[in-house]
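Dropping the structures in below, format is structure tokens.
Shared between the two complexes below is subunit A, which pairs with subunit B and subunit C, respectively.
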Partner chain A sequence: MLSIKNLKASVDGKQILKGLDLEIKAGEVHAIMGPNGSGKSTLANIIAGRNGYTVDSGEIIYEGKDLTEMEPEIRAREGIFLAFQYPVEIPGVNNVYLLKAAMNAIRKHRGEAELDAFEFLALVKEKMKVVNMKEDLLNRAVNEGFSGGENKRNEIIQMALL
Partner chain B sequence: MNSPLAENFHSAFATHQGVNDLPWLAAHRQSAFVQFQEAGFPTRRHENWKYTDVSRITKTGFVTADATHNVIQADDLDSLKFNAENSHELVFINGQFSAEHSNTGSLPDSVVLGSLRDALVNTPALLESSLNQCLDSNNHVFAALNTAFFNDGAFIYVPENIVIEDPIVVYFVSTSTEAKLTIAPRNLIVLGKNAQANVIESFHGLKDVVSFTNTITEIETADGAILEHYKVQQENIDSFHIGGTHLKQHRNSRVESHSISLGGAIVRNDIVTELADEGAEIILNGLYMGNGRQHVDNHTLVNHSRPNTRSDENYRGVLDGRAQGVFNGKVIVHKDAQKIEAAQSNANLLLSDHAEIDTKPELEIYADDVKCSHGATIGQLDKNMLFYLRSRGLDEETAKSLLTFAFAGEVISRIKFAPVREQLEFTVGGRLPDAELIKANLNAAKKIEAR
Partner chain C sequence: MAILDETDSGLDIDALKIVAGGVNEFRSKDRAIVLVTHYQRLLDYIVPDYVHVLSDGKIVKSGGKELALELEEKGYDWILEGADAA
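Coming up: the complex of A and B.
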């Protein structure tokens, strides 16, 4: 499903990943451990396509497609989801807007029909029950003033929906 | 003094200005015109005009509008109105009052709402005592020019203890594509003791119109009066707008001012208030957005003349393309005006490498027991926020639009009057790329909130 071959990557000209190989098959859960500065976050950011992280050589193949040249939003639509350790607060952007915009962007990419407000809401409410999330989080600004637990729940609900 | 525009004004004043005026008004006009002649149009050598060059306006031979310009298609007018069910409406076409399109609705008999020109005939004593009383035209040459040339405008007089619940909306529409017109609306708002009103001034220009609007609003609020005042400037991108709102606020009166500038080639707004007695308070909210080569300049001046007065200012700007913005927020705490509170904030978002903002907070404090704060920020869109949104599947343009909209929304969300707020959400959303998605999201969120 995800296949990383001889990945070398750098940040600000400093090489962080020095030839990483990783095979992950569908259904597997992998945990990557290592001391501070060993490149765990760099790997995650590289896979998600964050600016400022440069792939020097190697490839990241996800479901048969090479991700390395893709924009972050295309990767997201292909199915990559980066759960943030500290999700950024975005004042003024309502959580509902983001969820709906993101979902519909992804559905469009996959050739599926966009959801209307009611279908969307029904789906969101169903998933919210699963992660035991309070409904008022929906109408708050993205991650603004969320507690640690609320942050995690919000990331999980995004993952479940997207 | 030899610019084409100055010459036009000169001959217009010589031929017909003041002829049919009441003597006291003719005297105001005469002395204002002398002030204008002595000062001339400002150049960038004037401190108050350091960042704004008006020569593009003065080189254009705008001519003063007259009664023949009072024409608009009903469709054109309807398309720019706010979606407000109950409101008192005044409509001015090229500065001329249109009784046909106005609807003042039902009001208590003691309230005066209508054209200033009519009021000069019907209630001259009321105007003599209040017109041109809140204005320092020595320091505001365009205000002097307005006094010399204004033809009409809104007169709103709300006597003691009267509360007008429904908003008063005043539309100014420029429609002339043939002549390049200069329009000088003059509005006067007088609130008696404990009176309350909400007033919206909305400026528009039809497509392909090139006009120069030089508008002045004077506001006097008596003890305990409460006013919400909105100025929404959405003239087209080739038009020029210079405007001043001059206030005098008495004991415990409260004014909330929202100034929104979206259109125009060169736009300048001055808001000058005097907190003339204890307990007076002003809230100043502002939003300006520019693209292309738009230039938008906001100057505010708050005079804390007496103790225990309060001001709170929050202006935000979004500048793209080669647009230039100017913010100058001056607060003067006069001698012995102790225990005042003055807060000021100006935040700017620059969306391109060529956009420019010149922002300057100015505090002059002559009292020693005061609480004052000010801050100015200039920034770009946050890279972490952008990446977060993109990592959730939003394309770059949409992510930028959403963040920009959120930044502007900080000011828009403070607008209490829903039809103005909603129209602005749509207008501002519509100026951003990929607006459809944002609008769709707004609608979706509204539906959800409504459930």
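Coming up: the complex of A and C.
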């Protein structure tokens, strides 16, 4: 599913990843551990294509496609999801609208029919139950005023839907 | 494929269990999950197939779930010293 070969990558001109190899197959769960500053978060962000993270050499192949030249939103549509260490607050953007727009963008990319409001809401509510999340958080601005536990649960709901 | 960047940080033990339950629910043969974590604790609830130790931008050791337990017990130094020697 994901194949990383001899990846070297930099943040702010400083090389953080210095020749990393990793093979991940569908169905597998891989844990990446290591001391502070070893490059764990850089690896997560470089796969997702976050701004400010530069691939110097090597390759990242996901489902047969080279991710390194792909914009982050295209990677997301291809199926890469990153749950942030520090989820950002997005004042003025309603949580449920963001989820619906993101999910339908992905469905469209895959040639699937978009979900209408009723179908979507039923699906979200089912996912919210799994992480025991209060329904009123759906109608709030994304992560605004969420507690640490609430915003991480929200990430898991995004993961389950996207 | 989902990448979770220190999703366990800032969570108390109850929230950690709930979040881990959500991740476990997401596991399937069609999906892969990458858990970036500092601590073994998360891996008590989401049991990984493989554990990799990153040091200075490279993977210096890979193993099964028991590697995480070993790290918890012994820290990173024994692996990093071995990597330097090699």
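Basically, the second predicted complex is superposed on the first by the 162 of 162 C-alpha atoms of A that agree within 3 Å, B and C clash if a C-alpha of one lies under 4 Å from a C-alpha of the other, contacts with A are read in each partner's own complex, and residues count from 1 in each chain.
Methods note: contacts are C-beta pairs under 8 Å (C-beta built on N, C-alpha and C of every residue); 3 or more make two chains touch, one makes a residue touch a chain.
Small disclaimer: the values here were computed from a predicted structure and weren't measured.
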Combined model on subunit A: subunit C and subunit B, fit or clash: fit
Name the contact category of A:156: first (subunit B only), second (subunit C only), both, or neither. second
Subunit B or subunit C, by number of subunit A residues touched: C
Taking the superposition as given, does A:140 touch the first partner, subunit B, the second, subunit C, both, or neither? neither
A:109 in the overlay: touching subunit B, subunit C, both, or neither? Say first, second, both or neither. first
Return first, second, both or neither, reflecting whether A:20 touches subunit B, subunit C, both chains, or no partner chain. second
With the two structures laid over each other on chain A, which partner does A:5 touch: subunit B (first), subunit C (second), both, or neither? neither
Subunit A as apex of subunit B and subunit C, Cα-centre angle in degrees (nearest 10): 140
With both complexes superposed on chain A, which partner does A:48 reach: first (subunit B), second (subunit C), both or neither? both
Give me, in Å and rounded to a whole number, the least C-alpha distance separating subunit B from subunit C in the superposition. 11
Contact residues of subunit A, present in both the subunit B and the subunit C interface: 48, 81-82, 84
In the complex, subunit A touches subunit C at residues 1-2, 8, 15-22, 24-36, 38-45, 47-48, 62, 79-85, 127, 130-132, 148-149, 152-153, 155-157, 159-160
Which of the residues in subunit B come into contact with subunit A in the complex? 382-385, 387-396, 398-399, 402-403, 405-407, 409-410, 413, 437-438, 440-445, 447-449, 451
Going by the contact rule set out above, which residues of subunit A touch subunit B in the complex? 48-51, 71-73, 75-77, 81-82, 84, 87-88, 90-94, 96-98, 100-106, 109, 117-118, 120-121, 138-139, 141-142, 158, 162
Spell out the part of subunit C that touches subunit A in their complex, as residue ranges. 1-7, 9-12, 15, 18-19, 21-23, 25-38, 43, 46-59, 68, 71, 76, 80
